[in-house]
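In the two complexes that follow, chain A is the common piece, with chain B as its partner first and chain C second.
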Partner chain A sequence: MSRKLNLRERYQRMTRDLAWEPSYQSKSDIYPQMEFEGIKIEDWDKWEDPFRLTMDSYWKYQAEKERKLYSIIDAFAQNNGHMNVTDARYVNALKLFLTGVSPLEYAAHRGFAMVGRQFPGAGAQVACQMQSIDELRHVQTQIHTISHYNKYFNGFHDFRHMHDRVWYLSVPKSFFDDAMSAGPFEFITAISFSFEYVLTNLLFMPFMSGAAFNGDMATVTFGFSAQSDESRHMTLGLEVIKFMAEQHPDNIPIIQKWIDKWFWRGYRLLTLVGMMMDYMLPKKVMSWREAWEIYFEQNGGALFEDMARYGLRMPKYWEQTIEGKDHITHQAWGIFYNYTHAAAFHTWMPDNEEMDWLSAKYPDSFDQYYRPRFEHWREQAEAGNRFYNPTLPMLCQTCQIPMGFTEPGDPTTIGFRASDFEGNRYHFCSDGCKDIFDNEPQKFCQAWMPVHQIYQGNCGGATVPDVLDWYHLNFGVDNFDYAQSPDRQHWQQWKGEAAEESDAPDEAA
Partner chain B sequence: MADAKNMVYLALQNNEDARPIIEAIEEDNPHAEINHFPAMVKIDAVGKLIVRRKTVEEKIGREWDPQEIHISLVSLSGNVIEDDDEFGVERDN
Partner chain C sequence: MAVKAITPDYKGEALDGVDNFHGNIMFHVNWEKHLMFCAPLAFAMPPDAPFSTLLEETLPTAYGYHPDWKKVDWSKVEWTLDHEPFDPKPDASLEENGIVHRSLLRFTVPGAEGIADSGS
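Here is the complex of A and B:
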């Protein structure tokens, strides 16, 4: 008579016991990328998957998540759910998310398939396989949402093409390309630990709560459905670090260097999310500053106390992020306001009520440094002089964001660093980005820099309309201020709002 | 830097599936703090948070596998503890 296996035994049988020792090929031929990064693994059997999810349970639970998700996506489409969002300005946050982040889900699907193939341990292989399938599911669900919104709003029509070309989409793209062109141990430290464990909550939790608050059920649903896989990914990230740390003391300085690098890269990338939270959600859930306090300072602080037992410390320059939480989103929104004529989404200046919210949430910085600038820009726009910056910005060679972030300790001076390498000079927005370059100059000197490429004549021509055409962006439709956008006109028609009432940003909403 | 000593959390969707799980967590973890966000409930605690199979089964009136929590889990922080009778997160520094 057979006895029901307990969780641990089931995981053992259904995972480890399915692996085998190779006999007619050497392990180093089968797993050729295991040595070159310097990580030393003595015993793959020490890998402990904390979730012990077997493939059969995985399919069962994922199928249920999918059923729930698609019934909501159907209901959203059938009931014209896009009409229930707070305001058409909100959709611009979605444009940035779906064109910037969704292609990363696909990149993660590929990345985990690649590293899962490289790891000799069965536990790690299965965890990577599940994550690879998860990520494919995520991009599929997000494309359904793109497909729905694309029927009613501009800027979604060619997200895949844009991801490889558009200047600000090079920020997320280059982040993932950097990880995928690293070795398997760096990739998994970068994505599973630094991004998923330490930072991804900032991407999904406040933003998805924000989507819920703004009436966007489609996004909440794919977001939380994706995030439910994320808890598994996060524990994988934590396990990877513990496993490498316990396998050999020589691994510690290598891991620390990767944590330093990928924390900073992730922090820069998430500036775009912070900007969405503070400026692009008509109804706001929490500020970037609050989110950083909850999800990095509190949660990340507890995590690195855990990591101290392995000799790992907080990521380098984390103190700068504490100071930066008062500034980066305002600076980034300023940059996008300057360059929205070259973007596939619209920008605007906050209305009075929103300015007051920002003052309250950023008592140490907004009124002093940003409100006067934004009020000036708003006055100019109302007088018919909406400013668009005609000069292409200098980009940071590492994060690829225009160089608009300020010096630690001085929010009135733009940060500027440089390194010389093989006869060329490279420019950086911060110490963090400079360090990353200096550690791997051969890699980062090859970065595809959108502004350089435009000046070199590789992006369709010398004028903004030429370049936008090469991006597959519709000039005069996808770009420019929200106030003049067809999106806004349509929204007013659908909602039966009189155009003159809405000429000023809606104060009553 | 906020006081972060041994903080753990579980975040669940705010829906029919998750509600009995949230109630079970409240009952079995009197030290936990329940925070409501749009569409999501985040449960914070110092040290440890446990979801017990038995408590959830009493609430829903059927058998419940702790791995079912995957369907409504949004995020977590802490070291995962998991066996046939409970699911949880802990930190002990």
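Here is the complex of A and C:
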């Protein structure tokens, strides 16, 4: 080529022109997963490449980003950046994020590699390939952050092992396993559209602003570096939906069902993020309720108005999330407060100022339903009688969260749903979770439910220390209330703060 | 409804059938209006255990922390079993009382509405 190519030509040569029509193997043998989900694609060439980014420029941009990122991470380590966080309580939000979400970045890397291999269109293949590499980059940068914090705080030491075993990490794990074991079209609808396009702002915006507000520059750095890939991922999510919708009208009911399912699964998963925002950040950014109003009710509402031209509507049960925004984070924090003796992070009760913030942000629910509970717990803890729930909880078969969510419209009554399937009964926290099971019982009857596995004798023993040992958690170090934690004790020593008499840890370092 | 799968007639293997619980049944109990216990509880017990074990040992251990626990008078407690009204016979076994694997028991203690009557 003597002539210099313009951008469009270059893009064409470096993506679509790299594909070819097979001549000695049938397409259905090469792409065996294209039919079974029922999605009909008539012309893969109609795929609009949302980002005209070629592989060579992709490498160049990403390499530049990496260079900047690692120089900041190195500086953070050399300057003991962890000492600048607002309070060691903050690090518990990070523990939950880095053990819960970072393994999902790796799962996304695998998932996009898998679906990129399955789609016959070159445009879709390239987009998935790039995202697959992005996700690998995300998990690597986050492991560097884990590595740094692990030197100073407890609970980070074996995130990979924990991801497969710890009861609450089964919530994010099962979310992604569900997507990866679906077909390629469902996977990409679940992850690219429902999660990245509709809900990702609720994960990244509050979390990264939270990190910035609380002085955690390591997290801000990997967060912003990941976020610069995010616009490409979100555009892919929207393109996927438009492409499937325009290819065949028969696709619409299938897509709608996936949107219903993955919206509800994402909503349940994000409850953990909401809980971090409302309870785990010493300096708050915004409440979960406010975030939901902006990022779902307003932005999501406008999106689905736009999608009406394809015959797609708001996800089923979205109304319940409007009612639930006043309750779910308080209920989730209650769950972790109940079972923090079996967790790899610490919990605590809000102080007076934080209680007042919660009252102001949740005028219709906090004082009436949650403050009395929390004040009672706090009084008891101060009297040396901190509450730990001694019995394993009942779990929802779909989202795997303890059944702590209440009936819509009745915040003092637990919501119960159940289905019978092939001689067994299954329980759910909500209509959304029950519908998901009822649509695919052959799949969800196989869910690895942490509580059931403990009772079946598959988790190292019958006592909390036995199970924690099997989780690779250090009993008395990683678990229990923040007030008694070695983390807090260390923090006070580093900061030269005197431990308060009433709640000083009993043992010296 | 059949799951959409690449293999025809795909069948999942249920992980939580009663046979996997080594002679126990797993069932659930919820104390209504006491959400300080964040979720209903899960118990695994032999089906021939007397219901009275639940009243005298299991539930006091599980719920005794709550200040309302002293208000519990079993003769006045209202029960449902799998959402039907239920009148347990304490001397009969769980099984004889109709409690099966994955049953749900809910009980209400009249006059006990939780911490500061907040349902906690």
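Note that in this section the second predicted complex is superposed on the first by the 493 of 509 C-alpha atoms of A that agree within 3 Å, B and C clash if a C-alpha of one lies under 4 Å from a C-alpha of the other, contacts with A are read in each partner's own complex, and residues count from 1 in each chain.
Operating definition for what follows: a residue touches a chain if its C-beta (ideal position, glycine included) is under 8 Å from a C-beta of that chain, and two chains touch if they have at least 3 such contacts.
Every value quoted in this text rests on a predicted model; they were computed, and no experiment measured them.
Once chain A is used to superpose the two complexes, chain B occupies space next to chain C without a clash.
Of the two partner chains, chain B is the only one touched by A:D306; chain C is not. In the superposed model, A:A447 makes contact with chain C only, not with chain B. Residue contacts after overlaying the shared chain place A:K151 against neither chain B nor chain C.
Between chain B and chain C, more residues of chain A are touched by C. Residue contacts after overlaying the shared chain place A:R3 against neither chain B nor chain C. Rounded to the nearest 10, the angle at the Cα centre of chain A between the centres of chain B and chain C is 150 degrees. Contacts of A:F213 after superposition on the shared chain: chain B is touched, whereas chain C is not.
The gap separating chain B from chain C at its narrowest, counted between C-alpha atoms of the superposed chains, is 29 angstrom. Against chain B, the residues of chain A that register as touching in their complex are 6-8, 50-53, 57, 61, 64-65, 68, 201, 204-205, 208-210, 212-213, 220, 224, 227-228, 230-232, 234-235, 238, 285, 293, 297-303, 305-306, 308-309, 322.
Listed in rising order, the residues of chain B touching chain A in the complex are 1-2, 4-9, 11, 13, 37-40, 42, 67-68, 70-80, 82-84, 91, 93. The part of chain A that touches chain C in the complex is made up of residues 32-33, 36-38, 183, 331, 334-335, 337-339, 368-369, 371-373, 376-377, 387, 389-395, 402-404, 406, 411-414, 416, 418, 421-427, 438-449, 451-453, 455-457. Listing the residues of chain C that touch chain A in their complex gives 1-6, 10-17, 20-22, 24, 26, 28, 30, 32-33, 35-44, 61-62, 65, 83, 101-104, 114-116, 118-120.
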